[in-house]
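For reference, the structures are reproduced in the following blocks.
First subunit A sits with subunit B, and in the next complex the same chain sits with subunit C.
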Partner chain A sequence: MTDAPLLDAGLAWLLLVAFSVLWIALGVWWGKRGKGDADDYLLAGRNIGLALSTATLMASWVTGNTTLAAPEVGYTLGLWGMLGYALAGLGLFLFAPLAVRIKRLMPTGRTSGDFVRLRYGRLCWAVFLLITLAYTLGFLITQGMGAGLLLQALSGFDYRLGMVCVIGVSTTYTLFGGMRGVVGTDFIQSLLIMALLVLVAVLGYSRISVEQVYAALATENPSRLNMLLPAGLLFAWNTGLFSMGEVFHNNIWWSRVFASRPSVVFRSFVLGGLAWTTVPIVTGAIALMALAQNLDVPQVNMVFPLITAQLLGSGGAVVVFIIIFASLTSTLDSLLAASADLIAEDVVAHWLLSGASDQQIRQSARLVVVGLGLLTMLLSWQYVTSMYQLLLFTGALVASTIWPIAMGLYWPQANRQAATAAMVLGSITGLLAYVLVAPYCAALVSAAVSAVVMGLGSHWNPERFDWRLLAGR
Partner chain B sequence: MPLLSTATNPQWLLSASLFRLLVVGSIIGLATATLVIVLIWLKEWREGKVW
Partner chain C sequence: MSELQQALLIFAIGAVVTLATVIMIARGHARWHDRDPYDDPIGTPRHD
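The block that comes next holds the complex of A and B.
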C-alpha cells in the first residue's frame, strides 16, 4: 500500500462541489419554509414527524467517529471493539423515556440548559454550560480533523483545505436553514449513509466470504474473536456510559425532543437507537476484512477507506467519500445548530441580554453558528491527536452529567448542591483516571463518582422540587 | 462453541456460526432500518405529517 490518494483529484473535487452545492441548496430551501420566528429557526417549528425525527437522530449519531473510529476499534480490538461501539446506541434507547418526560414537563423548553437552570439553579447551570461547551468543542474538533484527514487520504487534498471546505459547507447551510435545514438534510444524509454502507458490506463480503474472514482471524488474529478480551470489555462499558452522558446532557438530543411532535418522541429514539446499533457492527465487520487480507494500514483510523478502496476499486473510494462526507456534515450541522440554540437561549437570552426579543435570539443563534464554525476551523488547524483519544477525554466530562440529569427529571428530592458537586467531582476524577489509569476508564470513573455524590447528597439533604417550575422557560 | 480458558488470559472465541450471524444480521438490520425509515416517510408524506 502506497501513500497515493485513493481518488483522482478531479473526481474528488467534483464530488466535493456537487455535494456541497446540494446540501447548501437544500438547507436554504428548507430554511425558507415555516414562520421564520425563533422557535422555527431553533426547533424547526416543534412538529417534525417520525421519519425526520428518527433520521436526524441517526444522522447526528453517525458521526465521522462512527465511520472512521468504529472500524478502527473493530480492527484493533476485534469483536468487542464493534460490539462495544454499538453499545453507544444505548444512549438513544435509554433516553427515550426521559424524552417523553421532558416533552411533558417542558412544553415550551428550548434547551438542556433551560432544564438545568430551572431545576438546579444558576450555579449548577454555569458548571453544566462549561461541561457541555467543552464537550461540544471537542466533538466539533474531532469532526473537523476527520474532514481534513478524509480528504487528504482519499484525494490528496491538503489537510487544512479539506477541513475548511467541510466545516464551511456545514456552517453555511446551518446558518441559512436553521434547524429546519439541518433536519431536512439529515434525512437525506442518513439514508445515503445507511444505504451505501449496506452496499459496501454486501459487495465486500461477496469478494471475501464471512467464512474466509473468520478463518483468517482464527488463525492469524484470534484475540479479535475473543469475547473475554479485557481491553474490549472495558471499552464496551466505557462506550455505553459515554453515550449515556453524551445523549442525556447534550442539546443535540434535547433539541430533537423539543423539535419533534409529542406522539413520535419515544418511538423515534427507540427506532433511531436500534438502527444506529447496526452501523458500528457493519463498519467494524468491513474493517475485519483488512485483517483477513493482511492489508497494510499505515494510519489505523483510515482502515475503512483503505479496505473499501482495496476491495471495490475507485468506485469504492467514491462511495466512502460520500459516506464520510455525509457523516461529517450531518454531525457538524447538528452540533452547530444545537450549540447555537444553547448559547442564544442560555447565554444571551438568560444572561447577557435578559428579556431578549424573539428577533434578537434568532439573530444571536445565527452569529453563534458562524462564530463556532470559524472557531472549529481554528482549533482543527493542527492535527494533534487520535480523534478517538480526544473523544475519550471528553467522556470524563459528559459522564458526570448522567445522574444529575436522570435523577433531576424523576426525583423531586434531587438536590441542586449535590448535582453541582456531582458534575465537578465526577469530571475531575474522570480526567484523573484518563491520565493516571487509562483513557477507557474515564467515563466509568466519572459516572460512578457522580452517582455516589448525587445519591448521597440528595439523600442527606433532600429538596422538594415543584415540577410546575419547569413549564416556564 | 469453543471455550478455552487459561489462568492469565481468559479466552472465549466466538464460533464461526455466531460470527456469521453477527455480520449478516447487522447488514440485514441496517438494510431493514433504511427501508423502514423510507416507508414511514412515505406514509407521513401522503398524510401531510412530515413536518
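The block that comes next holds the complex of A and C.
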C-alpha cells in the first residue's frame, strides 16, 4: 500500500462541500422553527419525541473515536478490544434510570451544573465545572484532530484545512440552529452512520465468511481470540466506567434529558445505547477481517478507512468519508451546544451576570458556541498526541463524578463534602494511575476511589437533603 | 505477580466497581419508582 489518498481530490471536495451545505441548511432551517426564547435555543422547546431523542443520543455518542479507535483496538486487542469498546454503551444504558429521576426532580432544569450547584453547593460546583470544562476541551480537541487526520488520510487535504472545515461547519449550524438544529441534523447523521456501517459489514463479510475469519485468526493471530489477553483484561471495565463518567456528568446527556418529553427519556437512552453498541462491534469485526486477510495496515488508527477502501474500492472510501464526517460533526455540534448551554447558564447566569435575562442567556450561548469553535481550532492546530491517549487522560477526571452524581440523585444522605472530596481524590488517583500504571486503568482507579470516598463520607456524616430545592433552577 | 495476574486483579476490581455502581443505581431507581420525586421517606429534610 502507498501513502496516496484513498479518494480523488475532486470527489473529496465535492463530498465536503455537499455535506457541509446540507448540514448548515438543515441546521438553520430547523433552528428557525419554535418560539426563539432561551429554552427553545438551548433545549429545543423541551418537546423532543422518541425517534429524535434516540437518534440524537446515538449520533452524539458515535464520535470520531468510535469509528477510528474502536476498530483500532479491535485490530490490536482482538475480541476483547471489540467487546471492551462496546462496554462504553453501559454509560447510556445506566443513565436511563437516572434520566427518569432527573426529569421528575428538575422539570425546569437546564444543565448538569444546575444539579451539582443546588445539590452539593458552590465549592463542589466549582470542582465539577473544572472537571467538565477540562473534559469538554479534551473531547473537542480529539474531534478536531480526528477531522484533520481523517481528511488528510482520505483525501490528501492539508491537516489544518480539514480540521478547520469540519469545526467551522459544526460551529455554523450550531450557532444558527441551536439545539433544534443539532437534534435535527443528528437524526439524519445517525441514519446515515447506521445504514452505511451495515452496508460495509454485509459487503465485507460477503467476501470472507465468519468461519474463514475465525480460522485465519486462530492460525495467524491466536492472541486476538484470547479472552485472557492481559491488555484486553485491563481495557474492558475501564471503558465501561469511563463511559459512565462521561455520560453521567456531561451536559450533552443532561441537556437531552431536559429537551425530551418525560415519557420518552428512559426508552430513548436504552434504545440509543443499543443502537450505539452495534457500531464498535461492526467496526471491530471489520478490523478482524483485516487481520484475517493479512491486509497491510501502515497506520493502525486508520484501520477502518483503509480496510473499507481496500475491500470496497473507491466506493468504500466515499462511504468511510460520509460515516466519519457525520460522526465528527454530530459529536462536535452536541459538544458545542451542550457546553454553550452549560457556560451560559452556570458561568454567565449564575456567576458573572447574576439574574441575566432570557435574551442575555441566549446571546451568551451564541457567543460561547463561536468562542468554543475558534478555541477548538486553535488547540487542534498542532497534532500533538494520540487521540485516544488524550481521551483516556480525561477518563481519570470524569470517572470521579459517577458516584457523586448517581448517589446525589437517589440518596438524601449523599454528603456535599464527600462529593467534593470524591471528585478531587478520584481525579488525582486516576491521573496517578494513568502515569504510573497504565492509561487503561485511569478511569477505573478514579471511579473506585471516588466510590469509596463518597460511600464512606455519606455513611459517616449523612446529609438530609430537601429534594424540593431541585425543583427550581 | 505475573502480568496476567496483575491484569486479572485489575479486571476483578473493575468488575466489582461496575457491579457496585449498577446495584446502587438499581436500588435507587426501585426506591423512587412510583413515588412523588420530593416525598422522601427518610426523616425531616435539612434546609441550608
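Please note the rule applied: the second predicted complex is superposed on the first by the 473 of 473 C-alpha atoms of A that agree within 3 Å, B and C clash if a C-alpha of one lies under 4 Å from a C-alpha of the other, contacts with A are read in each partner's own complex, and residues count from 1 in each chain.
Please note the rule applied: a contact is a pair of C-beta atoms (placed from the backbone, for glycine too) under 8 Å apart; a residue touches a chain by one contact, two chains touch by 3 or more.
These numbers come from a predicted model, not from an experiment.
Of the two partner chains, subunit C is the only one that A:Ala231 touches; subunit B does not reach it. In the superposition on chain A, contact is made by A:Leu197 with subunit B only, not with subunit C. When the two structures are aligned on the shared chain, A:Ser314 is found in touch with neither subunit B nor subunit C.
Shared-chain residue A:Asn47: touches subunit B; no touch with subunit C. In the superposition on chain A, A:Ala218 makes contact with subunit B only, not with subunit C. In the superposition on chain A, contact of A:Leu274 is made with subunit B only, not with subunit C. By the document's definition of touching, of the two partners only subunit C reaches A:Glu463; subunit B does not. Contacts of A:Ala55 after superposition on the shared chain: subunit B is touched, whereas subunit C is not. Where the contact sets of subunit A with subunit B and with subunit C meet, they give residues 228. The touching residues of subunit C, when paired with subunit A in their complex, are 3-4, 6-8, 10-11, 13-15, 17-18, 20-22, 24-29, 31-32, 37-38, 40, 42-47.
Every residue of subunit A that touches subunit C in the complex is listed here, in rising order: 90, 94, 97-98, 100-101, 104-105, 228, 230-231, 233-234, 236-238, 240-241, 244, 402-403, 406-407, 409-413, 441, 444, 447-448, 451, 463-469, 471. Across the interface of their complex, subunit A is touched by residues 10-14, 16, 19-20, 22-24, 26-27, 29-31, 33-34, 36-38, 40-41, 44, 49-51 of subunit B.
The touching residues of subunit A, counted against subunit B in their complex, run 33, 44-45, 47-52, 54-55, 58, 79, 180, 187, 190-191, 194-195, 197-198, 201-202, 205, 210-211, 213-215, 218, 222, 225-228, 261, 271, 274-275, 277-279, 281-282, 285.
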